[in-house]
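Consider the two complexes below, in which subunit A is the common component and subunit B and subunit C are the respective partners.
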Partner chain A sequence: MTDPLLSIRGLTVRVGKRSDAPSILDEVSLDLMPGETLGLVGESGSGKSTLGMSVLRLTSPTLTAGTSGRIAWKGQDILTMPNRKLRHIRGEEISMILQDPMASLNPVQSIGTQLKEALRRGGKRNLSAAAEAALAEVNIPSPAERLRAFPHQMSGGMRQRIVSAIGLAQDPELLICDEPTTALDATIQYQFLELLKALRAAHHMAMLFITHDFGVVARICDRVAVMYAGRIVETGPVAEIFSRPAHPYTKALLASVPSTSHAPHRLPVIEGAPPAVGHRPQGCPFHPRCAAASAHCRHAPPRTELRPGHTLNCWHPQEHPHEIA
Partner chain B sequence: MLKHLAGRLAEALVALLLMSLVIFLLSRVIGDPVALLLSDSATEADRQMLIAQLGLDQPGWRQYLTFLGNALQGDFGQSVTAGREDALHLVLSRLPASLSLAGIALLFTLVVGILLGVLAAVTRGTVADLAVRLLALLGQSAPSFWLGIMLIYLFAVKLGWLPTSGLGGAVYYVLPALTLGLFTLAAITRLVRASMLEALGSEYVKLARIKGVSEWAVVLRHALGNSLIPVVTFMGTFFATMITGAVVVETVFAWPGIGRLAYESIMARDFPVIQTVVLVITAFFILANLIVDLLYLAIDPRMRARS
Partner chain C sequence: MKSPDRALRVVPSPETPPRAAPAGPAILETRRLGRAFKVRGGLLHALSEVTLACTPGTSLGIVGESGCGKTTLNRLLLALDQPTSGAVMFKGKDLSDLRGAERRAYRRAVQPVFQNPYSSLSPRMKVRRIIAEPLSASGEMTRSEVDARVIEVLEQVGLSADVANRLPSEFSGGQRQRIAIARALASRPELLLLDEPVSSQDISIQAQILNILKDLQEDYGLATLFVSHDLATVRFMCDEVVVIYLGQVVERGPAARICTRPDHPYTAALLAAALPADPAAPPTATPPMGELPSPLNPPSGCAYHTRCPFAQEVCKRDRPTLKETPRGQVACHRVTAEGWT
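Showing the complex of A and B:
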């Protein structure tokens, strides 16, 4: 068996240094294999973006100070690495696409300047030619002209493709995508996902794909980790999680995905709201909203491996198969 | 682009014209020039003669047109003080002293203010940040006449390092420029700190860090360019602060500029000179705002697209 590219163990992120400070992430552990795409799914505030940011040590200083655990990249701990070394991992080995294409490009610099900055770090010689090729790779028409353009002259979909070109400029081995399709129109979303799949194949990259959309997970991910209130509650291969979700939270989330094959009906909802940071309950964080909860659930749930690769943290795994359209 | 500039120039001319009307009306409302010009021993006949000579027997609108016509030919009348000097000539002769002082103060303010603002933002929450913020707070709260007197007392009287007042070599500029610039310096520091913090927390700075760009390049290449936009926006206001500040600072430091000239001519009710000073200042003010517009086009590509 090959070693994982990225191996996170016991990652806890608190708001500040004190050990009693409220936590955003609680003892998160996961592995990512070379070339694999792992989906991180969860509601807003579940900590999935913080997890993505932590991998590049890009969280705010308050959160960085409150980070503990281990994020091993090819065996080296990113959290304790000197800045100089980390800078070479950023962009060159691990890159990232941010959520909001309208905000993630510098408004006062031309596309060419921003793209070439990344290409130069990637050791490219003929920057203009490389920049044109990079834009052509993400299907930007007439790339030579676009290099002289500024972000405000472009649509959201086009900007997100440019952000991807910048992300890929140094040929990284891992691309973290933080809800890259959320801000795009539905039709553009589909195109963009197809583009990401093509780029993933061309660059032989692994991906950490952060999203709240199971439809996106189904399209692009190999495995999925479901997050709730700063913890991973269930993880497994996409097909397995979709056909046989075992955590009550995963089941409820999947049940609330709209479907086109069933007659229109009222979608089931999960009662209540996720707990805010600092107000998370003892034991299983989902128990106050869980239909299957019992007195056990006030204590930390055990980790169960249902089948190879399919694990969950729950006192009451739901074993019956779940119908999904 | 050219069309945009032409539009701004037309606006500037309208503004100047309006200003001339305001000045004309004010000078007629505030006082009677005849009473000022006549000597104590003048008779009623002298008075009537002077009124006719000055055209004050004409209707108001005609007086204004005459004033405007003369002004367009560079004739703003003569000072009413003993020398009877040509008003425009007097104001223009004082202009270089004021412009050099304001220019030095503005340059010093911009350079130091931006440096301090960036320093405070980058070291946010540390002692350096606290010190800069405290300095900025003091700079914005200290009135300039008091500050000027304190600086003179400390550096000129007690320590004897710098001259107390007047215009001479470079050393004469230090205290007046410091006094004139401190308020603006504090304002720029706070502005740059705030906009720099905003830029440093932005998504595009995050993207620059993702690329592996060094912290220096992140600050200078990505954050600074964006955080200077609000500074440019406020440049017009800063210039206005410098001009109004000049009246006080030039008086405190006996600086031979138009600020002190304005003060002296107000004290002497020298209306032709006051009018000229105000019009010249207005013209400079409009010019400064035109320059700000041009700077905007240079610094922000979004503005280039709009104009």
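Showing the complex of A and C:
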């Protein structure tokens, strides 16, 4: 079996150095194989963005100081790596697309200048031709003219495609996408996801796809990790998590998503709200909102592997009784 | 013609919930409503020829992407802006003609809930004052009546009475949106204008808010106008749906039919783009293509023809009119009363 590209073990991120400081991530572990797309799905405050930023050591100094555990990139620990070495990984081996392309792009530089800067770092020679090709690859019409344009002259969908072109300029092996389609209209989101799939195949990339949208996960991910209050509560292949979610949180969350194909009288809801940072309940963090909770749930839940690759941390896995694989 | 006093008395109250209210005369309707903005280089038609009606006990969905005119429509319905053609009618009277008691009756009967409860609630006011202000402003209630009403509406949205003494900053987004809904309910409105009320909420909170809104619809016979970009929430919330593209109605019909058998290619594209939480979902026959053209320089003929996989010569030349079909209304050259051609 091949080694994972990215292997995270026991990642804890606290707000500050003190061991009693509140934690945003608590003992998170995951593996990402070459070419694989892993979805990180959770509600706001679940820690999914902090996890994505930690992989490139881009969290704020307070959080960086409070980070412990191991993030192994092709066997080397990113958390202890010297900055000089990390600079070569950022952009060259691991790249990132964020939610708001206007915040990623420099408003006073032309698209061409920004794209060529990344291409130059990637060791490209004929920068103008390479930049045109890069824009053409992300379906920007008349790329030669567009190189002279500025970010404000473009639509949101086009800006996000330009950010992707810059992100891919150095041919990374891993692309971290943090809610890249959340600010886009539905029809534009659809097209952008199709483009990402094509780019993923052309560049043989792995992807870490952070989103709150199960529809997006279903569309683009191979595996999914469901996060709640700074922990991964369930992880498994997409087909399995969607058809047989076993953690009460995953199950309830999936059930509460409205659908165009049927309209229930009322949506099943999860009462209450996710805990704020520093207020994670003891034991299973979901137990105060969980319909299946018992006294056990005040203690750390066991990790169960239901089927190969499908694991969850729960005292009461919700396996459907009359389901046979 | 109803007198304003009479109009006030038909406001539903929680004591006498008119369950399954009959679809009576419209509370608010638009007649060929249009709004054009003067901009450099000409006129921007944000909204053209929109005719719709909000009747008691029904929920109307307005669906479209950013830039389609949803916000302009909402502002016109709230009398925050004046139409450049057509009219908005409140119980049969043109909004721009309402004065005095009639205008107050309209303000009281039509209440908005906005998308972002972080900007729609004053950070300096306690919840009690936020909710009580519209009641005190009417000057028709005593202080103790106002206080009782505040507690009553808080309970209707699932919040406890002690919330009234706290500031909005003490609440999460979901709780703030409940407070915003409570404020809208305080004056016993007949119609709620909901502009993307759950788009900024987390999934588990979305379901809670949507259920509360549906309870209000059913328990008090409230009419709602639900503006959204998301067909799935519209399917859950609404009886009827109006689909808008570049300021024009392209299709309307019952929500269940629109979400399963859309007539207009744009509706089909929106439906395909509403990604189901199901990795086994079959690929769509009508994938969305292209981007929204500039509303300053809209395409000739059918505004959607630049993105439509089924466009023909006629679509580039002639603007389709909104036709009646047994399934609703549609503005498309390729659709006839019998169906797709």
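By our rule, the second predicted complex is superposed on the first by the 317 of 325 C-alpha atoms of A that agree within 3 Å, B and C clash if a C-alpha of one lies under 4 Å from a C-alpha of the other, contacts with A are read in each partner's own complex, and residues count from 1 in each chain.
To be clear about the criterion, a residue touches a chain if its C-beta (ideal position, glycine included) is under 8 Å from a C-beta of that chain, and two chains touch if they have at least 3 such contacts.
Remember, it's a predicted structure, so these values are computed and weren't measured experimentally.
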{"item": "Clash-or-fit label for the pair subunit B, subunit C on subunit A", "value": "fit"}
{"item": "Touching partner for A:123 - first (subunit B), second (subunit C), both, neither", "value": "neither"}
{"item": "Residue contacts with subunit A in the superposition, subunit B compared against subunit C", "value": "C"}
{"item": "Touched partner set for A:56, first subunit B, second subunit C, both or neither", "value": "first"}
{"item": "First, second, both or neither for A:108, with subunit B first and subunit C second", "value": "first"}
{"item": "Which of subunit B and subunit C A:82 touches, first, second, both or neither", "value": "neither"}
{"item": "Partner chain in contact with A:152 - subunit B first, subunit C second, else both or neither", "value": "first"}
{"item": "First (subunit B), second (subunit C), both or neither touched by A:90", "value": "first"}
{"item": "Touched partner set for A:308, first subunit B, second subunit C, both or neither", "value": "neither"}
{"item": "Contacts of A:238 with subunit B and subunit C, given as first, second, both or neither", "value": "second"}
{"item": "Which superposed partner A:259 touches (first subunit B, second subunit C, both, neither)", "value": "second"}
{"item": "Gap in Å between nearest CA atoms once subunit C and subunit B share a frame through chain A", "value": "11"}
{"item": "Interface residues, subunit A side, partner subunit B - complex", "value": "56, 58, 60, 83, 87-92, 95-96, 98, 100, 103-110, 117-118, 121, 150, 152-153, 163, 166-167, 169-170"}
{"item": "Contact set on subunit A toward subunit C in their complex", "value": "43-44, 155, 157-158, 185-191, 194, 212-219, 238-239, 242-243, 252-254, 256-264, 266-271, 273-274"}
{"item": "Of all residues in subunit B, those that touch subunit A in their complex", "value": "201-204, 206-215, 221-222, 225-226, 229, 299-302, 305"}
{"item": "Footprint of subunit A on subunit C - complex, ascending", "value": "65-66, 172, 174-175, 202-208, 210-211, 214, 229-233, 235-236, 255-256, 259-260, 269-281, 287-289, 291-292"}
